[in-house]
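When the chains are written out, they are named A, B, C, D and E in that same order, and each has its own residue count from 1.
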Amino acid sequence: MSFQVPIGPQHPALKEPISLRMTVEGEVITDVDIRLGYNHRGLEKLAEEKNWIQNIYLVERICGICSHSHATCYVQGVEKLMELAPPRRGLYIRYLVSELERIHSHLLWLGVAGHEAGFDSFFMYTWRDREIVMDLLEMISGNRVHYAINTLGGVRRDLDEGQKAKILEGMVTLRKRSEYYFHIGANEPSFVGRIAGVGLLPKDKVVALCAVGPTARASGWARDVRKEDPYAVYGELDFEVATADTCDVLGRVVVRVKELLESYKLCEQMVRNLPAGDIAVKAPRKVKPGEVVSRYEAPRGENIHYIKANGTDKPERLKVRAPTLANYPATVEMLRKGFIADIPLIFAAIDPCICCAERAVTLVKAGSGEESVVRMSDLRRQAIARHQNAPVKRNAVWPL
Amino acid sequence: MTDAELIEKLKADLGDKVAEIANPARRRLFLKVAPSDIIAVTTRLHDAYGVVFLSTISGVDNGETFEIVYHFSTPETDFNLRTEIPRADPHLASITPVIPGAILYERELQDMFGMIVDGLPDPRPLVLPDDWPAENYPLRKDWKHTRPEEVIPGGKS
Amino acid sequence: MAVVRTLLYLVVYPGLLFLFVYSTFCEWFDRKVYARLQNRMGPTHTGRFGLLQPIADFFKLMAKEDIVPEASDKRLFTVLPIIGLAVVSTAGLLLPVWNFDLANPGLTSFSGDIIVVLYLLSLPTLILFLAAWSSTNPFSTIGGARVLTMLFGYEVPLFLTILSPAILADSWRLAEIAAFYQAKPLLLLTNLLGFLVAVIAVQAKLERTPFDIPHAETEIVGGTFTEYSGKKLALFRLTFDIELVISSGLLATVFLGGFPGGAVVGFIHFVVKTLFVIFLLSLLRALTSRIRIDQVVSFAWKYLAPLAVLQLLVAILLKGLLS
Amino acid sequence: MLNKLARWSRIKSPWILHLNSGACNACDIEIIAALTPRFDVERFGILLKATPRHADVIIATGPATRQMRDRIIRIYDQVPDPKFVIAVGACAMSGCVYRGAYNIMGGIDQVIPVNMYVPGCPARPDAIIDGVVKLLGKL
Amino acid sequence: MKIAAFLPELLRHLFKKPATVDYPFKKLEVPKDFRGTPYLNTEMCIVCRACERDCPAEAIEIASVNEAEKRFRMVIHNDRCVHCAQCVDSCPTTPKAMHMDRLFEIADDDRHKMKKDWIYVRAVLKPKAAAPAPQAAGPTA
């Protein structure tokens, strides 16, 4: 006997609308179905009606957490089409913001993972420290989330000495705090008990299902666009690709913390080596026909924009593939044979950004009483069946 | 292996299956293939060149034809496979047997362009709403959206 | 006169009114400590220091619309919160704060009242299960199943640990157990292990993190309470607040030496000791993350139950030594 | 007297339900940020509730997408009276950059009545608190 | 694995001052380049409509009020504005006619009140023609 549990589109674990329909037997999930579309906004069509400059802001609002990554990916592509070469100082500031955004996104994710596991103190502390990087971003760009610092041909705001000093200072505090959170995350038994061995995704599945970002790296597949296709300034900076080989949620936590530490390093390098000069060059309004594939390593994984121009001031086609969409097939795979209690964690582990994935596209909250009615006798039968053939989970024992 | 060497190798290997190979920027290869060859070329790339990762599939409405670009990437190069199918008969073979991760992108193509992807294991709509009228494909160039009137609550305009 | 006294006893002190005021204070204390542990301020602007916050919550819920879902079992759905409140308030009457007089046992202090309190404290769990069941929402249903599963986990360790001080004191009456330890405070130390086990078990009984599985927000929305709104939710919240007070009062009686010194001093003992227990519970809440339902059961049986048995053995050996 | 008590308690204990109807996440993380130590809305007795049945105030973010419209109405109906809606961010007010997209109904007020608008893209946590305080002041 | 790894940190913060800013009573500092709401300096505007063209959210509307007097009306819809400051960047005049102020606490219960409009006269480059501006200038909302 199994019954269906709808998760979303309005569900406290998912801050965004998406609909997962879980078929569960007792506490064990046997089947998952994802329904997108609640967050579909129709952005790709809309982009064809707006001009190149308006599209920067439109693309930036695909996602609020990785806003800069979409904007940068788009701007990078359009600059190639326009054959512009942004000044080096502009590039450094642009990628400095993108690393700061990665820090903010990973700290946010650490907190959310804690929250999903019911570890509210962890959540509160990480988010408290996240305010440091939010303040830095606000100082650089003038807004906490949608930085709007990119423009065609460079960036819009410059950095002064005081701001540079503040960034360096912030990095020192954050590095200390991140190491502490890593210590907590790896040592608190109830937390580790929740995340170790949960959401297994072996490497061959990662490859087959084309997973990206920390999800793939936690399964030992070291793909990072920054390393393999070094765009702009990344070729001259020193950093490593963080990987783990546990293939579970714990591995994804480890990968993200390692990436945090790498990002601090990158930020410090960029601030210290900030070249002098202009921050932007003037961009034409029209683009001659052509096409470009722009790739960018967003905090959640590879972000790819395919831009086609037709000679006017509006794009012919703008295709956006956000990392979360690429991770959905993998998520479904991870959720199978998991417990209901693991849903939020597994789902959080891909750091879902549903708005990204659907751009212009949701799970269903059954809300109340209108879903299946389960009888007492059924529940008993379920419980008995579950105890008879509950799947044995690796590491699922209390690890004291 | 540089891009030029790779092009030579691909030309020799795939022969007349590939109509043209362009290399507009470093690490970007655009291969043009006939729609009937798409599975064969993908399989060959997958097996012999380590092209296992599909980034996404883009569709473009060119008026008379639909252009479909498959974006693959490997640590060395990005392969972009381009194919065109006629608008009147928009049938496309699914590459999910080779790369299972392609399913979401192919479902999206069906939704947004009205292409028919043959051999898709799960052909339900993906992104469009439940009450979406049939035969409306938003990303086709001839599909226009009329905005509903915005009513601001509170009386005066 | 006796009727008036009984009425006052039931309604004002230590009956409903007192329990209402004190339990809301305890909820405030719990929330405030929890917030301070997280470097936040917690409720601040409702009354002085936010003291009136839980009361405001209560009255707001009372004034709200009360929705009974179509699909639910309406009679059961409505009556359960009231029964729950009645049950825990009854348990409250049995604490030896207001009937410390050993020589003159009244209606509410008798040999075996410790068992009665324990069972009355178990009843809200069952009521919660029925409430979840009668609302027929899938999330509530899962929540209800989890409530029962958890009951199997923590109930035995809790009973066993509370048993050991009673065995040592050789009494089934709360007031006598307390009096025994007031006479020999050093013996309290021997029950320290039991106290810790009991705190964890009580945490599970009250369904607070790490055992807030039946209403885990991020997993099954509101869980058992998903369908409850308005007055019924207010009564359920009050029930659990009172249960918090009574359980911590019970632990204070059994493990912390009760409330000696008559009405006034005894009452101060009561406040200080319950707040201490509640502080420990809050700390535990801030310290851990929610665990999975299978982990609760295995944790309870692998660690809590053996520790409780060990405590029982210590108590029995000690009793042999003492006599 | 009772009315006064009800009004006071309503002002002092607004429980919120966060409703995302296709937002870009920016407003959402700012709402969550308002719960965290820097802003800590629990000072005013504001708690984030998981189910619509417990909530008093719906904080809505994002433009109302077509697929989401029926769900928004359903969730609004599930909230017991008296209920209030705060639209946070430019998208929830008018659709901002998504105006004219085919899958957008416009702001939240095209679907359910809204009591307070908080502008910003995204609205800062302070601005959100300011909006909530202004709403409570109106009661 | 340690039991209660978080304990020292929690207990330390129990007696520390909370990180909370008591917001409506104590304001937070916004940085000096904060992008608040846009406003128009009517004296400088040359009605080139660059801001209207580049605004991603259709928040700026410029309409002619009186063709003969060259009077124009500009409406900024704050309920649509995404605060990107592209209008400031696009503005070709020096000093800029478009500005951003640092206001952000502008929550209101009425969307109509969030429109700000200005009536201004197209500045003709000869200085004497700019005289009748004052009585028409200034926000009227």
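Convention: a residue touches a chain if its C-beta (ideal position, glycine included) is under 8 Å from a C-beta of that chain, and two chains touch if they have at least 3 such contacts.
Remember, predicted model here, so these are calculated numbers, not experimental data.
Enquirer: Which chains, if any, touch subunit A and subunit C both?
Expert: D, E
Enquirer: By mean C-alpha position, what chain is farthest away from subunit D?
Expert: Between subunit D and the rest, the longest centre separation is with B.
Enquirer: Which chain's C-alpha centroid is most distant from that of subunit E?
Expert: For subunit E, the chain whose C-alpha mean is farthest off is C.
Enquirer: Would you say B-E or B-D is joined by more C-beta pairs in contact?
Expert: Looking at B-D and B-E side by side, B-D shows more C-beta contacts.
Enquirer: Between subunit C and subunit D, what is the separation of their C-alpha centroids in Å?
Expert: 35
Enquirer: Roughly how many whole angstrom separate the Cα centroids of subunit A and subunit E?
Expert: Each chain's C-alpha centroid was found; their separation is 30 Å.
Enquirer: How far is the middle of subunit A from the middle of subunit B, if each middle is the mean of its Cα atoms, in Å?
Expert: 24
Enquirer: Quick one: report the Å distance separating subunit C from subunit E, using the average Cα coordinate of each chain.
Expert: 54
Enquirer: Going through subunit C residue by residue, note those that touch at least 2 other chains and give them in order.
Expert: 35, 37-41, 44, 217-218, 221, 226-227, 286-287
Enquirer: Give me the residues of subunit D that touch two or more other chains.
Expert: 36-38, 40, 43, 50, 53, 65, 67, 78, 94, 96-97, 99-103, 109, 121, 124
Enquirer: Quick check: what residues of subunit B touch more than one other chain, meaning two or more?
Expert: Residues 128-130, 138, 145, 152-153 of subunit B each touch two or more of the other chains.
Enquirer: By the document's touch rule, what are all the touching chain pairs in this structure?
Expert: A-B, A-C, A-D, A-E, B-D, B-E, C-D, C-E, D-E
Enquirer: Residue numbers of subunit A touching subunit C in their complex, please.
Expert: 3-6, 11-13, 24, 26-27, 114-122, 124-125, 128, 188, 190-191, 193-194, 339-344, 365-366, 368-374, 376, 379, 383, 390, 396-398, 400
Enquirer: Can you check the complex and tell me which residues of subunit D touch subunit C?
Expert: It comes out as residues 5-6, 8-10, 12-13, 15, 36-37, 40, 42-45, 49-51, 53-54, 56, 78, 80-82.
Enquirer: Under the stated contact criterion, what part of subunit A meets subunit B in this complex?
Expert: 36-37, 40, 42, 44-45, 80, 207-211, 223, 228-229, 290, 292-293, 295, 302, 304, 306, 308, 316-317, 319, 321, 325-326, 328-329, 358, 360-361
Enquirer: Contact residues on subunit A for subunit D in the complex?
Expert: Contact set of subunit A toward subunit D: 9-10, 12, 15-17, 37-43, 45-46, 49, 54, 57-58, 61-65, 67, 108, 111, 123-125, 127-128, 130-131, 134, 143-146, 353, 355, 360-362, 364-365, 367-368.
Enquirer: Could you pull out which subunit D residues touch subunit E in their complex?
Expert: For subunit D paired with subunit E, touching residues are 37-40, 43, 90, 93-97, 99-100, 107, 109, 115-121, 123-124, 126-127, 129-131, 133-135, 138.
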